[in-house]
Amino acid sequence: MPLVQITMLAGRTADQKRKLVQRITDAMEQEAGARRDAIVVTFNEVSKESYASGGVLMADKNK
Amino acid sequence: MPLVQITMLAGRTADQKRKLVQRITDAMEQEAGARRDAIVVTFNEVSKESYASGGVLMADKNK
Amino acid sequence: MPLVQITMLAGRTADQKRKLVQRITDAMEQEAGARRDAIVVTFNEVSKESYASGGVLMADKNK
Amino acid sequence: MPLVQITMLAGRTADQKRKLVQRITDAMEQEAGARRDAIVVTFNEVSKESYASGGVLMADKNK
Amino acid sequence: MPLVQITMLAGRTADQKRKLVQRITDAMEQEAGARRDAIVVTFNEVSKESYASGGVLMADKNK
Amino acid sequence: MPLVQITMLAGRTADQKRKLVQRITDAMEQEAGARRDAIVVTFNEVSKESYASGGVLMADKNK
């Protein structure tokens, strides 16, 4: 009954999310023995001004 | 001092959220003994393309 | 299909969690129109050294 | 630079987690175009008294 | 390799986020001994109808 | 009224957390204009078998 919550930059297509959901659900079912119906996957999409690594916003990385 | 974080599909009205907040805060206060002022409730609303169960996006469920 | 994730200090009994789960699930079903089977509630319990408000750890509040 | 945060019942082995991490990281890299080094996966393991669906704690499901 | 996830009301500028990221990353590096490159900070911004304390939505607080 | 949720490897002392809480609360108050009393900071500590980057568990990184 796992929850898989993904935080990533906005911009992926529905089809990319569809494939991610399928592969991650397969992995949870096959490797963790979870019941397929009970696996939930959510996407939390953030802007480049709301995600930073190493102390630098993504919005400032390509400057 | 509990935090209650709710992830759900977008589309609920402010009044639905208002009632959820009241009932959930009441429950936390009465059953968990939390101080009312310190109970925080947040809603994280996602689209049908950002929520999946059983390996299928909500956007694909009614097809 | 809401997820309700609760962060609170450790120390509540299983029976307290049971009652919280029932009341919160009732609220989500009745106020948000969620399907009961699809409502997930999780508890993330933290120690007094892992929770702070107003800049002060809970472990330091009663000193 | 995605974060993948997994909440599941405790009890999986390190080897199960290792395989989950590999497959989920592969999926994020190949389907979402994420840079491999920047993909983070975390597991948040909860007890049967801290996870409920349909208004019932996992600890009460097999009774 | 810490993740720092901030939930707050929408409305802060990019420059406010930039300064928060710098100071929080500095603190994680200097006080927790984390490697700077591995520190991730994300902002999850919510509306006044999606954040409540004490049982009252922020949207209802100034009425 | 921000929530700051930190996921990191277990092993930091209470004093390290105390200093992190002070500095992060200061930053939220001074840069984001948040009311000090309303700032919550939580730590979610995970083991080396529950945290991975680049597809590799922390537990496997030093081998």
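Per-chain residue numbering starts at 1, and chain names A, B, C, D, E and F are given in the order in which the chains are listed.
Quick note on the criterion: a residue touches a chain if its C-beta (ideal position, glycine included) is under 8 Å from a C-beta of that chain, and two chains touch if they have at least 3 such contacts.
Predicted model, so just to flag it, every value in this text is computed and none were measured.
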>> Taking touch as defined above, what minimum step count separates chain B and chain C?
In response: 1
>> Give me the set of chains touching chain A intersected with the set touching chain D.
In response: C, E
> Comparing each of A-C, D-E or A-D with B-C, which pair has over half of its contact pairs in common by residue number?
Replying inline: A-D
>> I'd like the Å distance between the centres of chain D and chain F, where a centre is the mean of that chain's Cα atoms.
In response: 20
>> Counting only residues that touch at least two other chains, what does the list for chain F look like?
In response: 1, 3, 5, 7, 26, 38, 40, 42, 44, 51, 53
> What is the complete set of touching chain pairs?
Replying inline: A-B, A-C, A-D, A-E, B-C, B-E, B-F, C-D, C-F, D-E, D-F, E-F
>> Per the contact definition, I'd like the list of chain B residues that touch chain F in the complex.
In response: 1, 3, 40, 42
> Mind pulling up the chain D residues that touch chain A in the complex?
Replying inline: 1-9, 12, 16, 19-20, 23-24, 26-28, 31-32, 34, 38, 51, 53, 58
> Which residues of chain A touch chain E in the complex?
Replying inline: 7, 44, 46, 49-57, 59-60
>> Considering only the defined contacts, which chain E positions touch chain A in the complex?
In response: 5, 14, 17-18, 21-22, 25-26, 36-45
